[in-house]
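These are the structures in question, set out in turn.
In the two assemblies presented below, chain A is common to both, partnered first by chain B and then by chain C.
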Partner chain A sequence: MPDYSWPPMEKRKVIGKRISRLDGMVKSTGAAKYNSDINPPGLLFGVLLTSPHGHARIKSIDTSEAERLPGVTAVRVILGAGKEIQWQGQEIASLAAVTEDIARDAARKIKVDYEILEHFVDEEDLAKAGSRAKPAGEVTTGDPDKAFQEADAISQGYYAIPVITHCCLEPHGQTVRWRGERVDYWPSTQNVSALGAELARSIKVPVTQVHTDMQYMGGGFGSKFPADLWGTECAELSKASGGRPVKMFLDRQQELLMAGNRPSVFGEIKVGAKKDGSLTVWQSKTWASGGLGGGNLNADQMPYVYRNVPNRRINHTAVSINAGSARAWRAPNNQQLSYITCCALDDLAAKLGMDSLDFFIKNTSLSPRGEVYKYQLEKGAEIAEWKKLWKPRGTSNGPIKRGLGIGVNMWGGLGHDSKCRAIINPDGSVEVQIGTQDLGVGTRTIVPQVAAETLGLPMPAIKFSMGSNAYPPSGASGGSTTVGGVTASTRKATVNALNKLFEVVAPSLGVPADQLEAVDRKIQVKGNPAKSLSWQAACAKLGVNRIEEMGENVGRTAPREGLISQGAAGIQIADVSVDIETGKVKLNRLIAVQDCGLIVNPKLAESQIFGACIMSTCGALYEERVMDQQIGKTLNADMEFYKLSGINDIGEIIVHLDLRPEMDKRGVIGLGEPPAIGGIAAIANAVANAVGVRVHMVPLTPNRVLEALARRNA
Partner chain B sequence: MAFEILVNGASHRVETDPETSLLSVLRNQLGLTGSKYGCGEGQCGACAVLIDGRAVRSCITPVKHAAGRHVTTIEGLARNGKLHPVQQGFLDADALQCGYCTPGMVMSAVALLAKDPHPTDAAIRRGMEGNVCRCGTYPRIVAAVRMASKGAAR
Partner chain C sequence: MDAFAYANPATLSEATALLASSLYDAQVLAGGTDLISLMKDYLLTPATVVNIKNIKELGGVAKGPGGLRIGATATFDELASSAVVKTEYPAIHAAVTGLTSPQLRNMGTAGGDLCQWPRCWYFRNGYGILAMKDGKSLVPGGENKYHGIFGGPAYFVSPSSLGPALIALGAKVTLANAAGKRTVDAAKFFVAPKDETTRGIDLQAGEILTEIVVPPAAGKNATYEIREREAMDWPLATASVCLKMSGGKVASAKVVLGHVGPVPVDSAKAAEFLAGKSIDEATAEQAGAAAVEGAKPLSQNGYKVQLAKVAVKRALLAVGKA
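Up next is the complex of A and B:
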């Protein structure tokens, strides 16, 4: 087998360098065409009519007036008379028209008569959930009752984290042109290679007829994997409109109601430890909802990271409510698990009268990667000046209280299945093709980095073609699997192609092919630049032929090969100031220490971690879907009251990438999700440390902070 | 109704309802898709353009308000292939990820620097407060605007 291994750290010329993203130019000039920007000739606008009610039955639906409106080309009923609606935002009808205004006017002219049914949208009130609550059964390890009897300190607490939405800035949607046998499909997706097959199944055409293309997309965060009902509707509307292309993207309200969310979790947690701080027992009763489908948590992963605690009792209940369904949300379940675990452990440390840092470090032996967490906690504490700044809970003086807190993360991040085609042409040009996508993480940049490194060429010499199902298939971008998948397949394809070139030029240089190397735009005898051919001259020897070689990463077997692996660990430390007169939390600093193996591009990796930390500030301080219990609807399906952090809300973010050689040797590991996990817990714990009392629910709004303070003072 | 609007130095005549949003006219009639739809209610800033040098939210600006005035969109910033210092700053600082908010961010930064050519970091944060980035590029954006203000001074 050829040697695919990465060049040693000190010899790398392109990999590991702080290279600016290659799509920066088109994105900063507005030239990048997102699929919501695609306007093919004859374009029609599609809209969805969605349910204004949380639970209802359609008594009748009349589309005749909409159909008569001039400019309307097609109207389709999705849910007809007699059908039950289970959440606000559920799709009822779709239509297409020559302008967006006409399409929206027409949607308003569809008359639907509803029978309003009783709704349930308050999963926190488990007692009222009745048959909507589905317990998952108890998991027990060791002897938790005995362990609580023998514990020197026990802490009991209630912790809650609400539903949040993905709030992608580019809404979900697509443009479809279904003309004759050809379906042109321009979706906003995390899943370029496989999405066309899903659409093909739903509209019942052979997959070969669907041509998917997406060059740029405006955020997915786990919510843009499926083709969705609106993909099918868009295609059918195009067909029904004589093959004219139809653009159908959700509006902001629909985006927040229909396009997925992160489930809530509510938990009653009891934990016990010995005097020396050893965690001995964990007991949790949690419940959650991610909409109609209930809410999974992977509760048996608790205590998160510290999961080898000897005694555990775990109960989790999924609750179905009348709201849109959950989708993967950047590190599914892990934010909630980290939040519930780290808050409970922090409260236990306070009960023991122990510095939280010492407690979190002492118990790292309960984690499968304890030594890594210990190193990271110590490194983070050093950056945060923990030992200088930390004070026991609630002992900070004055009306502005400062506090520090910790959150931890873990993730797999093994590269997905990916195929790459590398082409070397006789004129020296190089093309690399993968049916992958760049969600903004830098795929478009790191693949040419790997190719350039392998072939001894500068980055601009590599043409990278992606974003189409015409290219070799590559996995969906979810679970931090892309960087591992595409770097491994690219490395293999380019090594294979280069070896073919070596075979062609070896006779001219008078050595066997395996004695050649590609360095600085030359093919040369290993270690002997004097015996070389320029890249151009070497490629010219191909004559009329070109080299086309494939490289394949198979996720399942990849760790044995050494290019990539899995298992990321990280910690976050938050430093906050809380005004106890107003309840306002100000984030001073958020520090992230993260291990993710070999870093292909530190500049882009740091950007990823910045983004992950900022998402944590949203979840900790601002972001929450609010349901109206009386009417069963979402109160804040807009960007005025669905709050995200702004540029002035985030404090200073300090990123420390763990670049030690032993981490580099692990190969490439995904980074997208792990740093988005622990920040919420870190901020919540910092606030508890500052004000001396646990605020039970995030986001830590001024109101919740003041309520917690009032409860303490009562 | 018909309107005459000047976009990036070129005059355009558009036939539309006077209440139609400027964003819709730019994107759907003039093919200038750099300005983005984010929220449709003036909250996220993805649609920011300049009217007579001032940043406005084109998604809530009726086209009649732009009639006869100078509109600058992201497509009109670079001159003869040379990026505006703010665009160069975004590139160098890696102040973008998915890039969907970037045109609006860049336009808001251009308007900010026109008013305050050498802002402090605090003034940059205040000036850019109305633009939302879901990928979380804010620290890099502060750096990008700072670089642009220094670049412009040279």
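Up next is the complex of A and C:
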């Protein structure tokens, strides 16, 4: 078998370098065309009519007036008379028209008569959930009752984290042109290779007829895997409109109501420890909702990271509410698990009178990767100047209180299945093709980096083609699997192609092919630059042929080959100031220490972590979906009262990548998700440290902080 | 949005004539930062939209003998960059710069700030200005953390950034219609609605707000604003204060709270309390407490009482420092 292993650290010329994102300029200047910018000739606008009610039955639906409106080309009923609606935003009808205004006007002319049914949208109120609450059953390890009896300190608390949505800047949607036996499909997706097959199934055409293309996308965060009902509707509207292309993207309200969310969690947690700080027992009663489908939490993963605690009792209940369903949200469940765990442990440390850093370090032995967490906590503490700045809870002076807090993360990040085609042409040009997408991870940059490293060429010499299902299939970008997948497949394809070139060139250089190497735009005898051919001259020897070689990563078996592996760990330390007169929290610093194996591009890796930390500031301080139980509706399905951080709300983000050689040896591991996990917990703990009392629910808005302070003072 | 006729008059008389002929079916367009979104959400469906940005006499920010004249179409950016506003009317400057969105500052106008509709999420979701469902307000039993602590039957909060500062400074607002002009005190311009036929301001059908005149600053003034985030956000509470001092003591005071009720709350009690006192931390704190006397917080907005108090205290201390 060819040697695919990564070049040793000290020999790398392109991999591991701080190369700027190749598409940074086109994205920031607007030259990059997202699929919501694609406007083929004859374009029609598609819109969805969605339910204004949280729970209702359709008594009748009349589309005749909409159909008569000049400019309307097709109207389709999705849910007809008698059908039950389970959330505000559920799709009822779709239509296409020659302009967006006509389409929206037409949607308002569809008459729907509803029978309003009783709704339930307040999952925090578990007592009222009735049969909508589905307990998962108790999980017990060891003897929790005995452990509580023997504990020197016990902490009990209530912790809550609300539903948030994905807020993709580019909403969900697509343009579809279904003309005869060809379906052109321009979706915004995390799943370029497989999405066409899903659409093909739903519109009942062979997959060979669906041509998917997406060069740029404006955010997915786990919510853009499926083709969705609106993909099917868009295609059917195009067909019904004589094959004219139809563009249908959700509007902002629909985006917040229909396109997925991260479930809430509410938890009553009881934890116990020995005087020396050893965590001995964990007990949790949690409940959650991610919409109609309830809310799975993987509650048996608690205490998160510190999972090997000897005694545990875990109960979780999923609550079904009348709201759109959850979708994977950048590290599904992990944010909530980290938040609940780290807050409960931080409160226990305070109860013990222990510095929480010492407590978090002392118990790292309860994690299978304890040594890594210990190193990272110490490194983070050093960067944060923890030992100099940390004070016991609530002992900071003055009306502005400063505090520090910790959150932890863990993730798999094994590269997904990916195929790559590497082409070397007689003129020396090189093309690498993968049916992948750049979700923001930097795929468009790191694939040419790997190819350039392998072939001894500068990056501009590599043409990278992606974003189409015409290219070799590659997995969906989810679970932090992309970088592992595409770097491994690219490495293999380019090594294979290079070996073919060596075979062609070897006779000219008078050595066996396995004695050649590609370095600095040359094919040379290993270690002997004098005996070489330029890349151009070498490729010219191909004559009229070109080299086309495949490389494949099979996620399941890949770790054995050493290019990639799994298991990322990280910690975050937050430094906040809280104005106790106004309850306003200011994030001073968020420090992230992260391992993710071999780092292909430290600049892009840091950028991933910056983005993850910014999302954490949103979730910790501002972001929450607000529903009204009286009317069963979301009140803030907009970007005005659904609040995200602005540039002045973020504070300083400090990233420390764990680049130690023993980490590098593990191969490439995905990074997208892990740094998005622990930040909320870190900020919540920093606020508790600052103000001396636990604020029970995030986001930590002035009302909640002031209420917690009032409780403390009462 | 529904189709509408668009009028682009060059003079005030043309504009008022247009409004007179279309009555309730017309809306005035200046910056459009509120109107356009209301129209897109079908909350307003005017038959005619009258653009007033091309009426020259409605623009400008200038100091004259009568004080500071702010034209209705003067943008927040013009106000933010006015040296006179910054030095003589810091209460206005702070209110304007509290709006941290450059886009809104570039487009949003002074007149529009006074005439905008409430941000109440029940109103914006189609439940009307009183947020009624089945004859009952949704606010007291609903999600009311952003609502008023001086409300009922209207629980929304006046969204105006300028309102509290203008009231504190004794400004007057001029309104014109086809028949002529009238001038009202800024304090009287805001009117708490009692039913769905009114909207929180004294702007009658056919009228255009043409200008705001702030008298020469007779005292030290300041505004303090508290909001959840630094990025564009609606205040949770603001306080604008104006103090006439005499020998280091307050001769007379105005203390006006914003974003705590359907109209800015001009607190006579706080003003009374401050008279004859010098400003220090304790006085400022007590004035804050006086300002929120009579507040009736709802289930989720008790914290706004505290925020209003703190805003008054900090506005007074800012004046003390100036």
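Quick note on the criterion: the second predicted complex is superposed on the first by the 714 of 714 C-alpha atoms of A that agree within 3 Å, B and C clash if a C-alpha of one lies under 4 Å from a C-alpha of the other, contacts with A are read in each partner's own complex, and residues count from 1 in each chain.
Operating definition for what follows: a residue touches a chain if its C-beta (ideal position, glycine included) is under 8 Å from a C-beta of that chain, and two chains touch if they have at least 3 such contacts.
Since the model is a prediction, treat every value here as computed from it, not as a measurement.
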Touched partner set for A:584, first chain B, second chain C, both or neither: second
Per-residue contact with chain A, leading partner among chain C and chain B: B
Touching partner for A:63 - first (chain B), second (chain C), both, neither: neither
Partner chain(s) touched by A:647 [first = chain B, second = chain C, both, neither]: both
Chain B versus chain C as contact partner of A:621, first or second or both or neither: second
First, second, both or neither for A:101, with chain B first and chain C second: both
Residues on chain A lying within both footprints (that of chain B and that of chain C): 101, 638, 640, 644-648
Chain B-facing residues of chain A, complex: 20-21, 23-25, 27-34, 36-37, 39, 99-101, 167-171, 216-219, 221, 249, 251-252, 439-441, 603-604, 607-608, 610-615, 638-640, 644-648, 650, 652-653
Parts of chain B lying in touch with chain A, wherever the complex brings them together: 17, 20, 24, 27-28, 31-41, 43-44, 46, 73-75, 77-78, 83, 87, 90-92, 94, 96-103, 106, 124-126, 128-142
Residue numbers on chain A that touch chain C, as the complex places them: 101, 104-105, 108, 581-584, 621-622, 626-631, 633, 635-636, 638, 640-641, 643-649, 701-703, 706-707
Residues of chain C that touch chain A when the two form their complex: 1-3, 42, 100, 119, 121-122, 124-125, 133, 138, 141-143, 145-146, 226, 228-234, 236, 300-303, 306-307, 310
